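Here subunit A shows up in two complexes: once beside subunit B, once beside subunit C.
Up next is the complex of A and B:
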């Protein structure tokens, strides 16, 4: 019991980071059907941007905005100048995965080449510990939870109360039909990449706020839980991803407390396999069946 | 030729043999059957560990001075560990395939495979008792070394010969599969799954078969590699290694056994070996990072300009059923008065 209550606290923190990243991942994947396996590496890149910003003397809040902005710009550019041209050239699903992995390797090793194989940490005010309901969390961790909740509310409002949400769902279901109905699908896809990229960048920054040190592989190591979150929630379902984040965040931290911290990812994997075995239609959700990539 | 050069060339040849075998295995899965197996390296690793453990003999407990812990050690004579490695690769493929090969869209399939690869690394690293954890296995005895009395350099050439024989056997296997009606069916499943299913082909079963065969070949390639380098650890089979094989298959020409062989010569061997002759510059690790960047760029360039590879898959044409004389007469007879 003594180890489980703090684990729940850490679980909520992990879930917060996963929710931000998972919603970004699932939104973009749902709309464009491109499995962006470089997502984790863009997170790392955003973290390095934040690192440079804090080193320049700016506060961590500025760094967060910078990281999110970088993620958005990078993602849109990646789609405009690499993914979309490949899709228009007729690269099929598996070809796009190779393209995405190539991007992932290039980004990750590019960071390694620029920054070197060192450990980095963000320059932040020293956090203080806070006791909440038997859990000990740092102020930084509380801030992460707050940021995640605020982000989820913004996403909810955006999808629920603007036409964009509807247009995104329409584009995800049938891009051609959506275009014929007068939806500017190109703009919707660009916006999906922007939102996804901003969330990706933000997730990268809050991820490295929560760890003592990060390297060029920190983000890509976080990719499995993100994929598990997206699959568990149903691809393209942001609310599903929020719930999935909570489940996987708590499950992995509890497993870390009960078994060993090395098995955090294994829990995500087991959940992924169970979803695949028990509900393959969960992964092949209505919008994702038998559909080629959209461009 | 000086001894040093002979050593170098024979070593490169053995690496080439291993890469060619592995690329044939991946080609059977990816090129012929269209399976995006991003866990390919795991099957190679499983084969390598199997061969290593079956050559090393029973593990010495730590209290008796044993420095590596693993399960199921045995002293099997040479060809057996390699065959066992193939078997283990196949069984593991059947196991992974049982949940991964389920008519998933190919990107989901790739996603699951990638996760399998990452998890396998994590398990092999953290379950220290299984295959000695992060330190891996070392001082694996060389095959036949005690039986033949050869100088190191002659032994190298013997090993080249052994690798060549295994290469020929594996080629024979993949050639039989790809040139037979089975290969034709596999390509049909790859190109149009719905049509193949409509013709009564067991799509999932066929994909599974290609996956298991690829797993067997991957296991064998791992066994040959580990028998040669005498050491194996989780660092040898991180998931980006799979990407090198994928790049080789794409560069060579997916679906074409000969093309894939050229791909293995170009990417893992020529490309990564050649950089060893470049002077080291910058901080440690920079060259390796640049190497990965170049391999990634190479994959992108080929997918853009030559998506079918250096030696593209041969387009196969079959006469239409009604155009062969025998059939025509049959049709005429049936539609007669």
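Up next is the complex of A and C:
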């Protein structure tokens, strides 16, 4: 019992990182229908940008902004100059997955070539421990939870109360109909990539703030849980991804506390499979049932 | 048309014949002979590969500077196993198919040895393995050679050092990968035999975002010391979270934790001061300043590889260096570059014996062999004495990381280990 309460706290930290990444991943997929498997590597690249920024003497907050900005610019460029030309040529889902894997390998090996096979840490003040409701968290982890909550609120406000949010939801539901209704879907897609990329970059930076040391493969190792979060919530569903992140984050930490660290991933993915057996469209899917996953 | 096809066939046949003949015994075309650096260069154990380069390149430079082996130059070629058995089998098969002049490999490591040793042995490729798996303690593969200690020996060394320091309660934090887990059984047996208690021992899932739950569980057993072997990222996350939650307790790591990427990652996460205070790593003992080491180090520092000094006192780099030199000397002793022939001569150039000339360098060994003498090569890592199963092990040193350098804090002798294994 004494390890269960702290495990919930640690689960919330993991869920926070997963939520930022998972919402970014699923938001872009919902609008564009492209499974961007280079997402984890873009997270790593953003972490390296943050590393360079902190090494130049800037604070970790500036590094977060820089990482998010890099993620946004890189993702938009990736879509404009690579993914879109393939889509226009009629490349289907499987082909796009191969292209995304190629991008993933290029980014990963590019980072390896530039930075070498080594481990890096962001320069930031050493965190102090804080006791909260029976849980011991660090100031960095509290900051990560705060950033995730703030990000989720902003995403909620964006999707619910702005024209852009409505346009994104309309494009995600039926791009053809949205276009016929006068929505500039190309612009909406660009903005979806921008927001997704910014979340991706931000997730990369907060991930390496938490793990403290990272290398060229750190983000790609995090891709499977991100996809699990997106699928669990209902692919293309930002709110589902938030819930999915909470489920996966808590389940993995509680499994480590109750059973063994070996079961951390096992339990999380068993829950994923069980949920999908009951609700193949994911927990909160409105769109996935209506939308053909294959392009 | 028929003439053209026939000519092409003849040309191809001649080309293949030329390639084959040059690999098998000093043919008329001195081809460049290949030493495969068969280890992970990417993935969680990517740190292994550069360590191997730090041994192979200095050896090849010295051999080539001395005129090569039977007029052939040598070169080191990286073969990335990615630390994954299935990728490694593909890499091994590809290497054997494409490297016509392959004379031997350094590796495989524990990550891929079980899958690839039979493949390499079947291809008659001598291998100087860095795997520590106990499965090879009684290896019956004739092309398998190991001059680094087995993991079960490593477990004994960790336990003895902790016992010497007065620790009686310990936690074993080892990654869930095959390489790390193979250390655990003998560590637990040895520490218990010495009167200690292992309070926590569960395989750690690697590269997670947090280990705080595992740390809470571990701390419930009140360990005085942590034994560990995990990858750099996992080590950094685990130890920084331990530091934040509870404060660090002494850590004794295996040689994996003395590799430059591990030290860099963990130092960045917990701070240099904490490293000095809390951390010790055990690695095979290879005394510096011996004649063999001096030659190795000089060649290493002028080799042009990145940051060479980090490998100066690395016992694994030294044994890789020795592996290349031993193969080269065996080729001269056999008067053949054919691995199927010179493999049997490896013990001839390493084992001690009365009347043998002790040599510390390739050049000296080559000269002695040319003069018709029998030699014992004692290289950078010290004497190599293979047992019946082609294993050669020695003592261990406890190293601490002080001011960016590894300092020897003490040793665990081969006799102490032998006493425990009785």
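Here is the rule we go by: the second predicted complex is superposed on the first by the 270 of 295 C-alpha atoms of A that agree within 3 Å, B and C clash if a C-alpha of one lies under 4 Å from a C-alpha of the other, contacts with A are read in each partner's own complex, and residues count from 1 in each chain.
Keep this in mind: a contact is a pair of C-beta atoms (placed from the backbone, for glycine too) under 8 Å apart; a residue touches a chain by one contact, two chains touch by 3 or more.
If you're wondering where the values come from, they're calculated on a predicted model, not measured in any experiment.
A.B. asks: Which partner chains sit in contact with A:106 here, subunit B, subunit C, both or neither? Use first/second/both/neither.
C.D. replies: In the superposed model, A:106 contacts subunit B only, not subunit C.
A.B. asks: Mind working out whether A:133 is in touch with subunit B, subunit C, both or neither, as first, second, both or neither?
C.D. replies: So A:133 meets neither subunit B nor subunit C here.
A.B. asks: Determine, under the contact definition given at the top, whether A:97 touches first (subunit B), second (subunit C), both, or neither.
C.D. replies: First partner only, subunit B.
A.B. asks: In the overlay, answer first, second, both or neither for which of subunit B and subunit C A:215 touches.
C.D. replies: Touch status of A:215: second partner only.
A.B. asks: Considering only the touch criterion stated at the top, classify A:262 as touching first (subunit B), second (subunit C), both, or neither.
C.D. replies: The answer is both, since A:262 touches subunit B and subunit C.
A.B. asks: Return first, second, both or neither, reflecting whether A:272 touches subunit B, subunit C, both chains, or no partner chain.
C.D. replies: After superposing on A, A:272 lies in contact with subunit B but is clear of subunit C.
A.B. asks: Using the superposition on chain A as set up above, list the residues of subunit A that contact both subunit B and subunit C.
C.D. replies: Shared contact residues on subunit A (touching subunit B in one complex, subunit C in the other): 112, 116-117, 260, 262, 265.
A.B. asks: Contact residues on subunit A for subunit B in the complex?
C.D. replies: That would be residues 33, 35, 37, 82, 86, 89, 91-99, 101-103, 105-106, 108-110, 112-113, 116-117, 224, 227-228, 231, 260, 262-263, 265-266, 269, 272-273, 276-277, 280, 283-284, 288-290 of subunit A.
A.B. asks: Give the list of subunit C residues in touch with subunit A in this complex.
C.D. replies: 41-44, 46-47, 49-50, 176, 202-205, 207-214, 216-217, 220, 232-233, 235-237, 240, 244-245, 260-262, 264-266, 268-269, 271, 306
A.B. asks: With touch defined as at the start, can you tell me which subunit B residues reach subunit A in the complex?
C.D. replies: Touching subunit A from subunit B are residues 30, 34, 36, 38, 99-100, 102-108, 110-112, 114-116, 118-119, 122-123, 125-126, 240, 243, 246, 250, 282-286, 288-290, 292-293, 295-297, 299-300, 303-304, 307.
A.B. asks: Report the residues of subunit A in contact with subunit C in the complex, numbered from low to high.
C.D. replies: These residues of subunit A touch subunit C: 2-3, 6-7, 9-10, 13-14, 17, 112, 116-121, 126-129, 136, 138, 207, 210-215, 217-218, 221-222, 252-254, 256-257, 260-262, 264-265.
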